[in-house]
Amino acid sequence: MAQRTLEVSHLNTSFFTERGEVKAVQDVSISVGKGQVVGIVGESGCGKSMIARSVMGLVKKPGKIVSGSITLEGKELTSLSEKELCKVRGRDVSMVFQEPMTSLNPTMRVGKQVQEVIAIHESLPKEEARRRTLEMLSAVGIPEVEARYSAYPHELSGGLRQRVMIAMAMVMRPRLLIADEPTTALDATVETQIIALLKQLAKDGTSVLIISHNLGVIAQLADYVYVMYAGRIVEKGSVFELFDNPSHPYTHGLLGAVSSLRSQTKVLQTIPGVVPNLAHLPAGCSFAPRCKECMAKCGSEQPKLITVNSEHEVCCHLIEGADEL
Amino acid sequence: MDPSGNFDVTSMAEGELGLSSPSVTYEEPASVWHRLARDHKISIVSIVVILLFVLGAIFAPLLTPYEYDAVSLSERLMPPSPAHLFGTDEVGRDVLTRMFYGSRMSLLIGIIPTMLSMAIGTFVGMIAGYFGGKVDTIIMRIADIVMSFPSMLLAMVVVYTLGGGTFNVFLTMALVGWAGVARVVRSETLKLKESEYVEAARIMGVRRFRIIVRHILPNCLPTIIVLFTLDIPAAILTESSLSFLGMGVQPPSASWGLMVNAGRAFLYHAPWLCFAPCLAIMVIVLAFNYLGDGLRDVLDPHLQSQ
Amino acid sequence: MKGSKASNLLRRLLYALIAIVGVATLVFVLLRMVPGNPVATLLGEHADKETVERISSSLGLDKPLPVQFADYLLGALRGDFGVSLTLGKPVAELIGPAFVNTLWLALAAALVSWVVGIACGLAAAIHKSTIIDRLFMGFSLLGVSLPVFMVAMLLQYVFARYLHWLPVAGVTDWTGYILPAIALGWGSAGSIARLVRSSVIEVLQQDYIDTARAKGRTSTQILVLHALRNAMLPVITLMAMQFSGLLSGAFITETIFSINGIGRLAVQAITGRDIPLLQATTLLCTFVIVMGNLVADLLYNVCDPRVRKEA
């Protein structure tokens, strides 16, 4: 089997607050192949961003990776020192954040902010670094790069800023690009452009881990999708398999809540209830309290991942029951 | 699947559970006092200290067997002893007794002019912020003038003109203090004026006066309370400085600044004359500052510490 | 864009001018509210009427008030503030050297407050919620809470009288400035430390700090290259405003350490009921404060690209 770009296995990340441990990520395993686009989808607060932060080694206190392993092209990241991690960040893995308005330093020219990444990881003559920065800026579709190079963030539109963020993330040609809700803060038209850009990057060989609560973005971009609920992966599968044949009631719910021009139903379905408090999770399946098809077993026993077919696994007692029949 | 459709999951997931912040459980709103007691224990200590000073000031005559102006030349410059815990001054007056009476002056000067300047500043600031235009320009230019006048110097000029004495010190401090308050309240009012609920009230035809009293004032209140708490120690310091230069409260009234001024000549023979009032000023000012800091953290949503 | 920038500067200058003229007027009116003839008060009850009138007219005090006001303003513009009643010299000659002394004192005090304030604030912010933070913040609150005279007298007592390390009062060489500078800069160091701390903590929570970490910057690099510049924006404004405060508020420090500066001159003018001297010192102090605020405004505009373009 070819080496995977990113391999996360049995990752547990928790916050240790005064009121006890909050398990933000529980026993999560994710794998991203070379040139593959992998999506993680789920409601706000389900732990998606914590996976991204864990991979980057950017979990903020009082959060901590409790156990599990994260390997980037076979190299274990969880055991690296902060100093060694600094060499990996920006060079081998990079990240695009959700909020382009606040993710750029307001008092630094954007060109400098992109060029800074080169300066951190390589000793290049300034002229050369500048040339590469300009190249990268035009590669992400920024017009008039010479002028934009010396612009301040507040002088750019949201879409342009997110392009700058992507240029910053891509300038070292990293193995893996993590995009955490890269289009959430943008207009719909700009969103389409940014998705096209990310698609292009993946086509050029970069592996992408995209995190979003927006199924549309995931459907357009990802090859493989993980569905997360309350810190756990509840279903995973290739994008066509998962969208055509959702097996977990939560995924059903997510898809049912989506409006489609082609859909026949007039009323959008909603998932009743809210994401449970991660500090006090129910004993069994976390989704049980909101599940329409909840059984007695669901309240007491945590379901395991079950293979539906070669491209599809799900974590639900319903499927198990189907197996037993 | 229709890729152009807008698939937004959070739009129906009402419960937002920010994981980026460590406090995941929903916090029930605690009262100001509870939060002070929980997060700023030192503020509670400060309140106790301030109350002790207030009680000392009110019951001064009951707490000490001496008169604050009882001269006793046979007992001049006595070091601290059981009879005179903080010693006696150059004319044999009991220092502790004068401290009690001095706290009356310091607290009065800390509180009364500050209340006055708060009232003026709040009123004027809300008017300037809410009505804007020429009224705003004129009020803020006047505030500029007052604020560009070094406050100590203005106080000194007023004392020069009207003579020293408690009332004139009150007057000066109120005259100086309102401008800073007006500035803060004005900017707060400007922010509130743009808020949706004030907009809504306006559209529903609520009268301006009512909007100011019912919507703007209550929302400025936390800021005003914090400013008030932090301006009191500033006023106490100004008074003590003025009195130290001999331009504030006039003898035979007792004031901590005045006591330091008088004791300065005997700094090397009778250091307790300066030491005691200095300590008192320090403690009360620290207490107010700590309380103000705590209140700011608890009351002001913009500055809330995590 | 450029036009609005220039007009903005002009507007600020105009506001500054209004403030100065306003204070000048206020002082003039306040000082004329004193009942009786100031010359008569000065010379005492036994002075004969003729002398009082002669001196009054030489000072222009017999003219109608509006004329006196015009004379005073025009004189101030030319740098002519009249003759001191108590010291007998032209006020301009007294104020010049005094201002130089005060300037040195203020510079030294500013140095103390900036170095101590920024260092303490930074240390506290970096070690937030630890014992270091509590210690430095307690210390800086003490800085804000201690009256200047107390710090001054304490320093004088310990380092000059007791240890004999430094001169008690008066300035013969630079060592004479050490104690006064600490006494004067102490309070301002406290407020700078508090602002630096809260500002650095706030900036460190911004999203772009995460971005910098994702780039591979180490914590120290992030602090120096990304956090500090943004965190210093409000601090610079405070420092500029405080510097004018140090220049115009050294009454007590100068009095205690016998430094012949503006503050001491103002105190002398008041105790001596010396109207020309008082008018001049007041005007000078106001000028310094207004300029300080103006510089603070402009500095902020220069340092923050967002304001630079929008304004």
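Of note:
Which chain is which? They are A, B and C, in the order written, and residues in each are numbered from 1.
Note that contacts are C-beta pairs under 8 Å (C-beta built on N, C-alpha and C of every residue); 3 or more make two chains touch, one makes a residue touch a chain.
What you see is a predicted model; the values in this text were computed from it and never measured.
Taking the mean of all protein C-alpha atoms as the reference point, the chain centroid lying nearest to it belongs to B. Averaging C-alpha coordinates per chain and comparing to chain A, the farthest chain turns out to be C. Averaged C-alpha coordinates give centres for chain B and chain C that are 22 Å from one another. Centre-to-centre, using mean CA coordinates, chain A is 50 Å away from chain B. Look at where the CA atoms of chain A average out and do the same for chain C: the two points lie 54 Å apart. Taken residue by residue, chain B touches two or more other chains at no position, since every residue touches fewer. The multi-chain contact residues of chain C, meaning those touching 2 or more other chains, do not exist; every residue touches at most one other chain. Residue ranges of chain A in contact with chain C, taken from their complex: 56, 58, 82-83, 86-91, 94-95, 97, 99, 102-108, 113, 116-117, 120-121, 152, 154-155, 165, 168-169.
Listed in rising order, the residues of chain C touching chain B in the complex are 15, 18-20, 22-23, 26-27, 30-31, 33-34, 141-142, 144-150, 153, 157, 161, 198, 245, 248-249, 251-252, 255, 266-267, 270-271, 273, 278, 281-282, 285-286, 289-290, 293. Against chain A, in their complex, chain C makes its touches with residues 206-208, 210-219, 225-226, 229-230, 233, 303-306, 309. Interface residues of chain B facing chain C in the complex, by the touch rule stated above, are 141-142, 144-145, 148-150, 152-153, 156-162, 233, 237, 240-241, 244-247, 257, 260, 264, 267-268, 271, 274, 278, 281-282, 285-286, 289-290, 293, 303.
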